[in-house]
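Structures for review follow.
Note that subunit A is present in both complexes that follow, paired respectively with subunit B and with subunit C.
Take a look at the complex of A and B:
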């Protein structure tokens, strides 16, 4: 301040008259911060261990497959991209369960959410941005090994157009499952603010429930009650994704594949789960914001 | 100070009911520049008022303008221009104050380098030095309050809401915090609305005091008006209680009503035609006592509650009195 005659060792309080970002830019900043935090970046060293360990574990088989394909000279990948994620779904679920509380519980539990809400971003934008960060983190987590597989496959001389079609199918399915997982774990974490409860709740929703669904489907298939198995598939994000992958011929085998109208129902329910999860997160943030 | 149109905060008939609970009732207040104290017992509606002014809560009826913006339609613009220090704990324990304040600056729309620069500045002003690089989970209450204050100031707001900034502080930290609040209003040129349930604190730092009681406005006036002169004098002479008593008795004999207060004597307003000051001087001279102090007896802010408030019968919309 030109008119402020401060003494030399103390500049006094200086006002800020520089530019201020609009809501869109602030939301983008929050999105990037959230995405980094989901992988423990910009947080303590300890908080990087789990996400990167899981990422390593889920990428390692892809690297091995690529090595085998290159050395042995196979003409095709032993499994499809969608099939690969199906194999690593436990790791994806653990990542979602462990990292959702970072984005959703912390602000609410320590009540720093109040400081966000006293700033320009409206509560629903904060909630949407958090969800977008987690969805993107999950997408990165699932797409990375698939890309390793794809790059390796192409280097090994596999057919580019076949592989690309397969890859795009897988990415579309991964986007769907990521938004569902983010909606489910985000909501669970924004309700049960204790990290432990949030993790356990998410594991129940993403590991136990799909496990039960698969068991029901296996029994239904064995007993010849296909429709029961198909209907049971509506109950978990993974069975929905795998059912859709199988119907879409993306290289995933399920006990009771959905057909005809069921495929539409699977897609509708998957979109609904993602949407309801997101809406529930927004509602939760709005409620906390007015407390 | 600012004129009517330039008020920092203006509320008209502001009312907030939570079902049967009436948090605020028909509140009309005006807040200008400088430091304004918002006083009331716990549950008087102070925090509710701040949340409504921030646009975080919708009033049941009535309206308000903050820095010229309507709370109902321009909440986002208001939140861009104000800072808020909540009463409760709101700091994540696993990040340092430095990182956290930078992040909060960015959430207010400052660019990355501006956010870093302002954070460093503001943390220095609030008095967080080396500890700013440590995770906040290990902070003392005083340090936490400073970090909370820093995040409220980092984006250079034009108005800050400080909700109970001295809560939980020891006397020395309390004095420091009050000094800071005073500086924010005067040196930093930021309007301050500071709440407290301790009247004595606000007496030291506020230019203006608004008193809430159970959601009603009890009074709103300049701090000076609260501390109005009672017309009495406080007189103190050199020596101990013996001298005090000798002097008091002499004054009483001269026709003044006096009573001891501590080491001094409170002299009540004299009947018309008697010059109290002359009488005190002459009496002291006659007795050979040294006059040490002679000052108008001021009331304290607490008296607003002790004297003016007929319990259970608040004065709705009470304006400046006395």
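Take a look at the complex of A and C:
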């Protein structure tokens, strides 16, 4: 039986000779399950409350804005798509902090990771799949309200090409921020397995640190030390995203907008944070998986 | 109150990594204030307190402290060993609250006062310190009550602080009547008028007292009828 690709436990009663699905199928199934679990689907009713409450809170203002645009007959949205996510970043951070432990802590804490690794799925694929689930969940969470705005805007007769350009900029930024947040919260949750502890750690990284950066930028801008503020912006995922959004003219105002080479640096650091987060998660799963 | 439970709760709070996270907040706040005050001037550092220290750092310390004294035991079920002892449940709750309160004062209110001293001092610093003491006390009791009700205490407490008091509090001024932070500010306003004046004083004092006493009592009451549940 050396050539078998999938695993169906052969207890010696009756052989299975049918087709076997490979690693790709297992990974895909795990990804879909993870994505569902991030929103509480397939889990208890109580676990659905928080994700859908947050999703509702972040989508409701978009629906209201669309209603206002339609009723008052504005010729433009009062805020851009990237600007909308900037307004709701607290909700996005809370969603990431609250749902990352669901995907990353539970398997490790209850050692059910052993059961996943008993399948032909290598530990790094499990880690990558979990990260992909959380990134996709975050992307869905952030893109949904933006799509509501976009659809509403188009139905209200706004200019299609302007809106589409804005939307594409916003989606690119959301992809970047989702992968950064998933890397950061996923790593924190896979290291500190106590749920509350992981949540507070993620909140520090996603709310407190950006708050500090914004404060530093505001002070730097007031004192005329723009470069200090721009450099400080490299320190948190939200300040990176907002800095890039302002550099790409996507409708986000920051105290110290990055210019020239700084824009490249912002983009590079953002990609680096996402990559390092992912690598750290993989390393963590490999370590736990080998124990 | 029970000195053994206080000792155990203090050990749980100071044990290992949790302590470092708890310590990180005051260090971060004071370091930031001192750096800004040194590089520019004390006046420029002041906005850090109403902008970051008071609305974010103080409640986060209270969340961490209150959920650390009760949360882990509820999480792994070892609370039944504590509850099986012939100690009043209210006394258990009160002992745990005392530890959470002391931690909030030391890691939340005191650093806030020190930062306020660095950023100018005077009446304003004293007022900020008083506001932090009042709000920290109320927060720790409120979050202890939340920890006794739900496993998701940290998230629920954070939702209250960040969404209700933070996001909605900034948009709707009426939220001030039901906001722990604003009650503290109103009481601090009596010392220095530089602090905002969101509600009226009797309401702020009464509400803070009711939430503090009620929170600790409610936590004890929840422990009295405690049921163990699995992960959901």
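Note that the second predicted complex is superposed on the first by the 273 of 291 C-alpha atoms of A that agree within 3 Å, B and C clash if a C-alpha of one lies under 4 Å from a C-alpha of the other, contacts with A are read in each partner's own complex, and residues count from 1 in each chain.
Simple rule for what comes next: a residue touches a chain if its C-beta (ideal position, glycine included) is under 8 Å from a C-beta of that chain, and two chains touch if they have at least 3 such contacts.
All of these numbers come straight from a predicted model, not from anything done at the bench.
By the touch criterion defined above, A:211 reaches subunit C but does not reach subunit B.
Of the two partner chains placed around the shared chain by superposition, subunit B and subunit C are both touched by A:43.
When the two structures are aligned on the shared chain, A:33 is found in touch with subunit B, with no touch to subunit C.
Contact with subunit C, but none with subunit B, is seen for A:91 once the two complexes are overlaid on the shared chain. In the superposed model, A:121 makes contact with subunit B only, not with subunit C. When both complexes are overlaid on chain A, the residue A:106 reaches subunit B and subunit C alike. Using the contact criterion defined above for the overlaid structures, shared-chain residue A:16 touches subunit B, although it does not reach subunit C. Once the two complexes are overlaid on chain A, the subunit A residues touched by subunit B in the first and by subunit C in the second are 43-44, 47, 106. Residues 51, 54, 56-57, 76, 79-80, 82-84, 86, 88-95, 99, 103-104, 106-111, 114, 118, 121, 125, 151, 155-156, 183, 187-189 of subunit B touch subunit A in their complex.
Taken together, the subunit C residues at the contact with subunit A in this complex read 17-18, 21, 24, 28, 32, 36, 39-40, 44-45, 47-48, 51-52, 56-57, 60, 63-64, 67-68, 71-72, 75, 151-155, 158-159, 162-163, 166-167, 231-232. Within the complex formed with subunit C, the residues of subunit A that make contact are 43-44, 46-47, 50, 57, 90-91, 94, 97-98, 106, 192, 194-197, 199-201, 203-204, 207-208, 211-212, 215-216, 218-219, 222-223. Within the complex, the subunit A residues that touch subunit B are 12-16, 18-23, 25-26, 29-30, 33, 42-44, 47, 106-107, 110-112, 114-122, 289-290.
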